[in-house]
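What follows is a pair of complexes built around chain A, which joins chain B in one and chain C in the other.
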Partner chain A sequence: MTGGERRSFLGRWWYDRRVRALFLQLAAATAIAAVAAWIVETTAAHLAERNMSAGFGFLRQHAGFVIGETLIPFDAQDSYLRAVLVCGLNTVFVSLFACVAATILGAVIGLGRLAANPIVHRLASLYVLVFRNTPLLLQMILWYALLQALPPVRQALSLAGAIFLSQRGLRVPSLEAQPTVVLAAVGAIAVLALLVSRIGPRWRLPVLIASLLVGAAALSGRIDMNVPVRRGFNFVGGLEMTPEFTALFAGLTLYYAAYIAEIIRGGILAVPRGQWEAARALGLPAWRVMRHVVVPQALRVITPPLTMEYVGMIKSSSLGILVGYPDLFWSVSAMIGQTGHAIEGITILMLAYLVPSLCAAAAMNAFNRRLLRTSAA
Partner chain B sequence: MRFRTALVLVAVAMLTTALSGEAAQAAQTLDAVRARGTLKCGVNMGAVGFAAADSGGAVKGFDADFCRAVAAAVFGDGGKVTYLAITAASRFPMLQSGDVDLLFSQNSLTFTRDTALGLTAGPIYLYDGQGAMVSAKSDIKSIKDMDGASFCLAPGGSSELNLNDWFNAHKMTFKPIVIDNSEAARRAFFAGRCDSYSGDQSDLASKRALTPNPQDYVILPEIIAKSPIAPLVRQGDDQWLEIVKWAVYAVILAEEHGITQANVDDQLAHSPSPEVQRLLGKQPELSKALGLQPDWAYQVIKRVGNYGEIFERNLGKDSALHLPRALNRLWTDGGLIYAPLMI
Partner chain C sequence: MTSQALSGAPPQSRWTKLGCRLLAPLFGTRGNAALSLVGLALIGAAAPPVLRWALLDAVFTGSRDDCQAAAGACWAFVGEKLSFFLFGFYPPELRWRPALAVLLVATLIGVSLLPRFWRLSLLLVWLAGSGAAVVLMMGAPTNQWGGLPVSLMVTLAGVLGGMPLGVLLALGRRARELPFIRLACVVWIEVVRGVPLISILFIVNVMVPLFLPEALTPEKLSRALIAYALAASAYFAEAVRGGLQGLPPTQEEAARALGLSYWKAMWLVILPQALRTAIPPLANTVISFIKETTLVMAIGLFDLLGTVQLAARDPQWLVTGTEGYLFAGALYLALCAAASAYAAWLERRPLRTI
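Up next, the complex of A and B:
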């Protein structure tokens, strides 16, 4: 825009698109910051006016309550902060297991939907239809109610006197070993895996069997089996799966598996028929067609929506509060009930759900980028 | 264009926040209630005996009657109450933010609730204690036999803390099962998920009354902690606190003087007692201190009756709960129910 026209200094700046964009963005950012500061200040002023204390200092007080199931020890003398961490760990725990289980189940159902066998196909379709079209909360409450209908603890169903199923949950024997033994075993398995992948196929099976025998011999006597026994009001020992955990886990797994099944089915269908046919024409066996041709291409389509389901699963795990599973939401609720610090509690909750969700999204995005790079190469 | 839209949005957001900020600085509660024409009372809806809808949809119960007592004092009409259902997590924020004018919701009074939350308590209107309910078939006779037992608990309350303190003091352990929905927690217990349900004994009786066969459950006699049940209002509005206090005292004074819902008119006309005369409004200047009509206490008694009547109708012998008056007898009968002088 020259045309010999003379503009003032400011005018020239105003008509420079980059400067103008910068200016407007700065103005918008300032306005947003001002609004945020103003909201915080107003809230603080109103809290003070209502004689309510604000701040996170209360997190250091004794929680005073006990938590039904924990992964790390928790005592009523511990702080609210620790209660939130312990229950946050429960959220991570149940979400992680549900993600893995839902993916496996979803893959099976998704492949079932593609199967030529009409019975398998129909059953898989029915599963998706039912589980995807009823509310998750309803399903969870149904599982919890069904678990309540199991026999009472005195008449627990028993399998071989070691596995017990009752209203109070499932008890299975647990293997207990020193941490050092566990570490050594994990290390040995890693070395073995490396070895097996390096040696020729002819030697794989004998090496595997030999090392399993050696491993069993080395571990025998170092691992104790802890079999549950009924004592007093409930079983003691062994691993416990409480009805609360089971209802939440089953609810998340079965509901999200239906969605994941559809994502996987869609991903596989998105691979052009020509790719299948070309791979078969090369004489590749069926599983190699899947492994080397279809799955890598399908994964590109599957990964982004799958990420959304994982993130959704983490967030939905907060429904556990309605079946009494002590998750993050449960602990913050209890804390708000006792201290009345609702604003702080909700802030903690929002941040706490934001972090794992963003982490899951970031991890899946990284995986997706790598996938795009490798498939492009 | 897009920037302009963003700026407009920001301006709108600022304006709405500013306006809501203004609205939150409510006038005095009494003026707000009068202007609204109804008292917003937070109750534990569904708790039989305390606040539950009957077959006609009317909310009945001990807490509901005290809500009506306050409404009668303010409006001369016990019907001008809007009952708002609270949950364990929402009750205090609802009061703090002005969604309700007061709470009559089976709250145990604690130091924190009386001080740190920006709330303050009216008089204790029910002296209760925390106990445990078990299945009659379990043959449990005492909480001392319950080492390792599981307890269903209502969330967010003081009952979990009390139970923990008691088990610690007795070097015993228990497993809590806390479901964030007192209805679901109740169902879990009656389905057999827990060995016991712990809570205020009046609340246990209320929960038991809802089951088809209440005789299958036993409330153990032990009390592991006291439960002083009191109404809560916001701090900083002394006039409103006085109104709530004296609505409660009025029904207690009525019982002390033998005034009932049925004979209140007769007492007003013929009672020779100067205190009864003052209570029922024969000295109009007394009521000015509360900012109410001279006949406020007459209206309270006329609408809901005296303390004994409220108790027996909702919790005692005329109810499904059949609770004994125990500590909730008048001080003259050896109980703790006691009110200041009406002078």
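Up next, the complex of A and C:
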């Protein structure tokens, strides 16, 4: 019965898991390659039709557009590359400030939700309910609309004659110093931080106070405070926070604070009751229980999701384009609109946003591995 | 004489006792009293101006001139523009069509939420129902579609298109014997989740016409639907992965030992358990996609938020649109809160044993 033998030989192959796996993967790889080849071919045909060449050479051309607000100078004569860098800096700037502000606000609200006090508890819960369940973009556009409803510059709301709130956004006094002074101050703070972490707890407070006094003395006269002044239809001097920046910053901060509040609340609730009771039984005062027993344990639970929220904030800062803030996404889409180099532009965009995401993912994996090691030890 | 008077304690009326019970949690200790005062001060500072703006000084019916004269909110604007908020540029005399379509789909969603209807025939009902809804919408060209139907379609594309894709991606990611497929799934999931959703929308909108021959290029709304389904697949995959990781490997081993094929083992044993564990992250993903449908504004489509923003720019009304945004916000709040309440109910529901 040769036929039966051949069937069983084929059958052995057909039912061998390794052969099947190989076959399945070859099929998948072929399909992906075929789709990719088709896409590349049609794209090339489209590009040829429009007389365009692929490549990043166009980044050196003059951008020709003006950027509404920048941290470092930018001129329409500058290149696309500089435009993308300038706007990338804007993304970093707004994300960084929003991360810090949202963490502080989130911690306050998260602790508020844990409070026994019914008023504080209900207010914090209401905040989380409202801000988590409405779209971030809607919140941003609402803040922008409210800023537009503020009085014009002439009737600006002012606080102590130094902080002004008007249709033109928020104006606050700024501190100005020579770059060398700033560098020296940053260096001194780094050295001090290292020093404080090494010396014993008894000496920490005196060292801190002494260095604050020395620092204030050294900096006095070297730093100027630039207070905004109303002149004509606008302000001069000070730090300008435009309505676009304020709407984006407020939107990110208030929305993510609700998420961070829930993460912090969850982290503190994850510390077993026995830990609290044992610390109390040792006679530690409430804040020391928090500082030495609860927070270190809660941080392990809080850190991974908190990092994901930070990455989410960086990604969400791209919504700035919809309230008119010139961030990275805005500059790349403006560049694509002008030059038509869509593929190159999108490559830049994806790389720029993937770097923080993948770094955070790698850091969290390392953190989890370390945690597993320490808890096993 | 009562024993209370003899013992020397001051007589307590019922009212004092009630007062103590009410006030003790608020002013029991010094710290608590301070917290209460801060809370009350916040309420006291915010409530009167908000109430005055939203209710006392507000204009509920009337014209633009009434609103200009009043200091409060202009709810008349919301009333006047309501049908534009909901249906966008759809021709007014044909607005019964999108209204009926929304009603039909809402009923379908309502029915699908009840576990007793979870069977394969529901899929056929969905096919028929969504087909009928699309036919109803076809009364006007797609560039006139807007408002609620667009929000609903984009959400459904994300959830109904992304969920099955996400399950497949999650299964692919844990297929140890298929390293190439596994790698492809990991790359897809991490890249899509790593970039902002708005950029995926933008990429699909800009790149699809470049990639595809012109004859095959779908119009803008379909491109948005594709973008949402593709983006949602990665987020759903991550949610399902958590559920799959929580299952002991013995479940799959036992199912395979009983002679079930891979797909039968997944469908009958693994997925029912994994998806149940994954309800909270799945619900979060659904809710975040309900909220993120607002991003379609970036490619020039008008969802509920887009129509409100457009209405706010109407020079005839001279409004900032705050009232419209609050209205849309209340709608989203109700929808998302209901979705998370439903998810909590689903999670608590006892497992039906066979």
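Rule of thumb we're sticking to: the second predicted complex is superposed on the first by the 270 of 377 C-alpha atoms of A that agree within 3 Å, B and C clash if a C-alpha of one lies under 4 Å from a C-alpha of the other, contacts with A are read in each partner's own complex, and residues count from 1 in each chain.
One rule holds for everything that comes next: a contact is a pair of C-beta atoms (placed from the backbone, for glycine too) under 8 Å apart; a residue touches a chain by one contact, two chains touch by 3 or more.
Quick caveat: nothing in here was measured; it's all calculated off a predicted structure.
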Classify the contacts of A:Leu126 with the two partner chains as first (chain B alone), second (chain C alone), both, or neither. neither
May I ask you to decide whether A:Ala28 touches chain B, chain C, both, or neither, giving the answer as first, second, both or neither? both
Touching A:Arg17 in the superposition: chain B (first), chain C (second), both, neither? second
Which superposed partner A:Ala361 touches (first chain B, second chain C, both, neither): second
Using the superposition on chain A described above, determine whether A:Gly64 touches chain B (first), chain C (second), both, or neither. first
Once chain A of both complexes is superposed, is A:Tyr353 in touch with chain B (first), chain C (second), both, or neither? second
In the superposed arrangement, does A:Phe233 touch chain B (first), chain C (second), both or neither? first
Tell me the contact category for A:Pro326 with respect to chain B and chain C: first, second, both or neither. first
Partner chain in contact with A:Ala116 - chain B first, chain C second, else both or neither: second
Residues on chain A lying within both footprints (that of chain B and that of chain C): 24, 28, 32, 39, 42, 46-47, 141, 145, 148-149, 321-322, 333, 336, 342
Per the touch rule, the chain B residues reaching chain A in their complex are 3, 6-7, 10, 13-14, 17, 21, 24-25, 88-89, 92-93, 96, 112-113, 116-119, 146-150, 155-158, 160-161, 164-165, 168, 174-181, 184-185, 187-188, 191-193, 195, 234-236
Residues of chain C touching chain A in the complex: 25-26, 32, 35-36, 38-40, 42-43, 177-181, 184, 190-191, 193-199, 202-203, 206-207, 209-213, 287, 291-295, 297-298, 305, 309, 312, 320-322, 325-326, 328-329, 332-333, 336-337, 340
Listed in rising order, the residues of chain A that touch chain B in the complex are 24, 27-28, 31-32, 35, 38-39, 42, 46-47, 49-53, 64-68, 76, 141, 144-145, 148-149, 152, 167-168, 231-234, 236, 243-244, 321-324, 326, 330, 333-334, 336-340, 342
Once bound in the complex, which stretches of chain A touch chain C? 17-18, 21, 24-25, 28-29, 32, 39, 42-43, 46-47, 115-120, 123, 129-130, 132-139, 141-142, 145-146, 148-149, 315-316, 318-319, 321-322, 329, 333, 336, 342-343, 346, 349-350, 353-354, 357-358, 361
